[in-house]
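Labels for the chains are A, B, C and D, by order of writing; each one numbers its residues from 1.
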Amino acid sequence: MTGAPVLEVRRLTKLFDQVVAARDIDVTIATEEVVSIIGANGAGKTTFVNLVTGYTHPSGGSIRFRGQELVGLPPREITRLGVCRSFQVPQVFSTMSVLENLMIAHGLSDRGRGAGLSALASRDRVEACAELLSVYRIEAYRDRPAALVPQGVRKLLDIAMATAREATLLFLDEPTSGIATEEKFAVMDIVMAALAERKATVVFIEHDIDIVERYGRRVLAFHEGGILADGPAADVLGDARVREHVTGRRRA
Amino acid sequence: MAARDRTGAALAGAFVVFVAAGFFLPSWAVSLVILSLARGIVALGLVVQFRSGLVSFGQALFFAIGGYAVGLAGLKLRLTDMIVLTVIGVAAATLLGAGLGFLMRRYREIFFAMLSLGFSMLFYGLLVKTETLGSTDGFNVPAPTIFGARLSALATRTLLYDLTVAAAAGAALGVHWYLGTILGRLDTALRDNEVRVEYLGYAPGRVIHVQYVLGAALAGGAGALTAMAVGHIDPSMAYWTTSGELVFVTILSGTGSVLAPFLGSLVFGLLQTYALQYAPSVWQMILGVALLAIILYLPGGLWSALERNRARA
Amino acid sequence: MIVATLAFIVADGVIYASWLFIVAVGMTLVYGVMRILNVAHGSLYALGAYTAATMVGAWFQRGYAPLGSFVLLLVAALVVGLVMGLILELGLLRFLHGRDEVVVVLATYATFLILEDVIQLIWGVEARPAPQPYSLLGTTTVGPLLLNNYDLALIALALLVGGVGWWALTRTIAGKLLLAVIFDREMAEACGINVRRVFLVTFLIGSVLGALGGASTAPMISVSRGLGVDVIVLAFAVVVIGGLGSIPGALLGAAVIGLSRAAAVHLLPQAEVFAIYLIMTLVLIIRPYGLLGHERLRKV
Amino acid sequence: MRTATSTLGLLAMAIGVAALFLIGLPAPVASQAEKYRVGVVTLLAGPFAASIGVPAKNGAEMVAEAINNGTLPAPYATKGVAGRSLELVVVDESTGTAKQVTEFRGLAERREVDAVVGYLVAGSCLAVAPVADELKMLTLLSTCSTPRIFEENDFKYVYRTSAHLTPDGVTAARYLLKRMPNVKTIAGLNWNMAYGQDAWRDFRLSVQTLKPDVEAINEQFTTFGGGQYGAEISALLTKKPTVLHTAFAGGDFEAFVVQMTARGLHQNIQMVMTAGAGSMYRLLDKLPDGVFIEDRGPYSVFARPTALGNWFRTTYEQRYGITPPYTAYHMGQAVLAFKIAADKASKGGAKPAPEEIGRALEQLKFDAFGTTVHMSRSRGHQAVTESAIGVYKFDKAKSVPTVVDVTYYPADCVNPPDGTKGEAWIKGGFKGARCD
């Protein structure tokens, strides 16, 4: 069913006091697409993700996920529908070990009744999560408190937690920010490899144009809360206004 | 898991020792241990909340509910069986907790503390206004029976003591199991990062609600046991200073283990008793200094001190 | 009759509110800036009251000019506030920065327990009435109302405190720094504001205000043990109703409690004991962060 | 988490320490054969400590010392209690009832007292009474004003050597209607606690029984320790009752007086203050002349000027610099009662058993420091005394507080007869009251 729309955003608008954080955003994303969002700081990239995942509520417009309206739902329900996200600033349980972080994510992805009262550190779960850690190549840190591991590891953990549940639509907010340039590709390879067999639709926010070019088949360019350009990477990155407002500084 | 079995063993050991001790302790000590263990049971509930960064400044509400449930059951329904009464205390508090929980789950930090304080003080005001229940003087609770048998004061006290020890051990075991579950582990998760819990598809409020009801149930049972041990109940059970004392014990104990609150509560009881004996006019100061010292030098409470010793050894 | 009652409800409400505001404003200021809910505020209140009562008593024994006693009240507040403020901030709170809010509350609770007995060691258990200033100013009759001018002076004092506070916060550099810290401590620190000094100054001001509450109350009561206890919960209620850390909130909270208590006393005396906690609980249920408080959304 | 050994080690440690204390440290002081140790329980902290708690302790210590030195006036000049010296063990009552019960057991077992005197708080009296019977511990309640203790139960080892609350209201009502026969309306300002509620109810019922057309138009109940009475005073100014009754005492009483005099409330309302006398020495001219005032019995300013009475008052004033309030008398006469009964019960040699001392107390009639005490109610466990009330007058010349037009009412005039509950007795028209 490739091509069937998984996310349809219509005339999405968000005002903070007088500031327009999102203006009349119209975008449709199809199943198994890999979309990258670019834009200068304050262009409304994260706001867009926050709106779709219910962290903040829009001032107007509609967000439909497989035809179901998301506006008004709290993040937990949107998550349960299969829309997951990772964060620009990794959102992990800082005093808990990396493994525990993942086990909690894993445990909460279990929908069964009274699942909450099953033991957290059950043998199967420990194995499953150790497995996941190795997929993300962070098994070495398994027993360290999340607060004390390198930023890159925390980033990956954050993503691993976001993907613990079988996500249909996955948002990655700057997956490589705060990671040394030479490691960025490695990290992205890991992530993309991990997501490859998931058949998940992936939308990631990215500043690094090389990453965008390499992974984002389709690119959305944000500017002042609106979408400046939307299309295949090459076209969008070639677009004059995009060069001017988004990538220009970087290329000059 | 292995860790659980050990705590279980430790609890079993403690249970045996305490029950045995019950036969040769003087009655003042028995009464002190009963009250301390009961206080420990309440603190146990507070420990669970504390792990997710929440503190109820109104736990005395459920403590008093448990006490008055016993008192009224004895007064109006002529119920005196200590086990039945304890169950009644738990039930009453649980019901109220489940109801109020729908509100409390929306609150965090100091606001959680303040709203719980508000509820407990409202109940206090209600009791003070109820002259038929003796207002601030309260009323005496008839001596409890067991399985319909009215035994000698000594036997009754010993049985009540054993019941309290059993209740404490049971509570500790149950909470220990709970903390091993996903839900139980979410407490720290919540404290660390509520947003992430939300984005893992779970309602943080639900965790808090469960914790709140758990705390209420424990406090209710403890209140029931206390009422029977003291033989008298009055509104001061619900006053904010009682809640303060309960939080006091929680901080003193530390959250390192389900055994901590009982240790802390026992230490508190003895500290107060001997402070009263040797410095009857400045015992408050002694308690205050003790609490400050703990906060400043033992952030993890008494338990952490014992663990630190172990680490050194 | 009805008119008189209504007039009295307003008058009594406003007077009580003024008193509450003076007592609570320091607490909310300290919370707003330092995130410390200071239980020992009640002890500062008590210390202020005791010191004032002692000084006023001596003043009148020596037969000095009666009106001078009012200055004495302020002096007492200043002395107690500054001395205790320094001791508590530098000697204790400084070491608790970054600790759990609730743990800090407990620390101040411990301080309160200690000071309770310290007060007894200093002043003994005898009550200290110092009523002279209370009747010095005479009374005013407005229509059916017969009011004591000292109470009216309290209103003036409350307005003064509120006014100066508002002016200092909005019109002075220091105040703007303070607001910056209240608004976003991390940001303020990043901007190179010396947060430690801001904390110390804030706490000193808060302590002086707490002591002022006690000093200004001393003449209308008989200063005796345990008068700090009830004040604490009252101040809590005011601060929470208004919105923790909001100074206009404290004003509003005080007004709400003052008026509703007065109304209860006049129309439904039986409800007096409930009034305050009922209001607090209801407000929290309807506005979880207090009337003027608001939620902070974390940036992700 | 932690390893098994350490957990169990910890536990052992904890229990070890606990056990150490719980088996009753410290070792009993001296042997008990040649001395009497008596527990003295009163409020040493909190709002009541100043006005009534510590004075009660002082009263006990002063009388105990005089007993040991044999310096009490006749007929009590014999040294010691049943030939033995008296040692007091003071305990703070301000810890809440639950703790009080443990403390009581501690007194009996850990600190090995022969008897317990004291208790000002009704709650702790109700709570410890059953324990006293369980431990067979002779207990002389000194104040705790509630009548419920013996109305609701029969305790074997518990006695109260002072009258309970009921006479205060009855006395005030009788006096009021004698001096102001045409009272129309009464109002009350009392603490929102059992003591305040009972005091007001007794007074109101008594007045309305003696003069059924009197209307109670304003019943104010305020939080204890409130301290701010502006609104209450305003309410009374608008309601304009003929009489205001208050059972306030200590700090709240003084706060109320200061605040209401400043607004002239006393100028057109007759004040009836059933527990205020203790404050007159602090308030002096701030307490307006003309208020009706009681001291919960014939104590302090109302004490009979007998040798005993003068000794108590002058000695106390010399030692503590203030006039003893009623709790000092209560406690003093509790200790005295213990001496008298023990002396009476002892046949030389061994200490008399608590039951024997108790029996000696029943129906005992003895002269105390304020007046004569008669253990004539509730099977001889509850004392009655005459009551006293008067009009306050500040003597400007000597600048000392005085009371004039003092009236003493015989015990049987203001106390319910044996076996009848106060409230029922009042409602039933004071059946059996003998006032001659």
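Rule of thumb we're sticking to: contacts are C-beta pairs under 8 Å (C-beta built on N, C-alpha and C of every residue); 3 or more make two chains touch, one makes a residue touch a chain.
As the structure is a computational prediction, the values presented were derived from the model and not from experiment.
Enquirer: Could you see whether B-C or C-D has the larger number of C-beta contact pairs?
Expert: Between the chain pairs B-C and C-D, C-D carries more contacts.
Enquirer: Would you identify the chain whose C-alpha centroid lies closest to the centroid of all protein C-alpha atoms displayed?
Expert: So the chain nearest the centre of the shown protein is B.
Enquirer: Please identify the chain with the largest separation between its CA centroid and the CA centroid of chain A.
Expert: Farthest chain from chain A, going by C-alpha centroids: D.
Enquirer: So how far apart, in whole Å, are chain B and chain C when each is placed at the average of its C-alpha atoms?
Expert: So the centroids are 33 Å from each other.
Enquirer: Can you give the whole-Å distance between the Cα centres of chain B and chain D?
Expert: Comparing mean C-alpha positions, chain D is 34 Å from chain B.
Enquirer: Could you give the separation in Å between the centres of chain A and chain D, each centre being the mean of its C-alpha atoms?
Expert: Roughly 74 Å, centre to centre.
Enquirer: Taking each residue of chain A in turn, which ones touch at least two of the other chains?
Expert: Residue numbers touching two or more other chains: 55, 91.
Enquirer: Touching at least two other chains at once: which residues of chain B meet that condition?
Expert: 128-129, 195, 281, 284
Enquirer: Two or more other chains touching the same residue: where does that happen in chain C?
Expert: Those would be 116-117, 120, 229, 270, 273, 300.
Enquirer: What does chain B use to touch chain A in their complex?
Expert: Touch residues, chain B against chain A: 1, 180-186, 188-189, 191-193, 195-203.
Enquirer: Can you list the chain C residues touching chain D in their complex?
Expert: 1, 4-5, 8-9, 11-13, 15-16, 19, 116-117, 120, 125-127, 129, 131, 134-135, 139, 144-148, 150-151, 217, 219-227, 229-230, 261-262, 265-266, 269-270, 272-273
Enquirer: Write out the stretch or stretches of chain D touching chain B in their complex.
Expert: 1-4, 6-11, 13-15, 18-19, 21-25, 44-45, 90-92, 95-99, 101-103, 105-106, 108-111, 122-123, 126-127, 129-131, 134-135, 146, 148, 152-153, 192-195, 197
Enquirer: Using the touch rule from the top, collect the residues of chain C that touch chain B in their complex.
Expert: Residue positions touching the partner: 37, 92, 95-96, 99-103, 105-107, 109-114, 116-118, 120-121, 229, 233, 236, 240, 244, 270, 273-274, 277-278, 280-281, 284-285, 288-289, 298, 300.
Enquirer: Mind listing the chain A positions that touch chain B in their complex?
Expert: 53, 55, 74-77, 79-80, 84-85, 91-96, 100, 104-105, 107-109, 115-121, 161-162, 164-165
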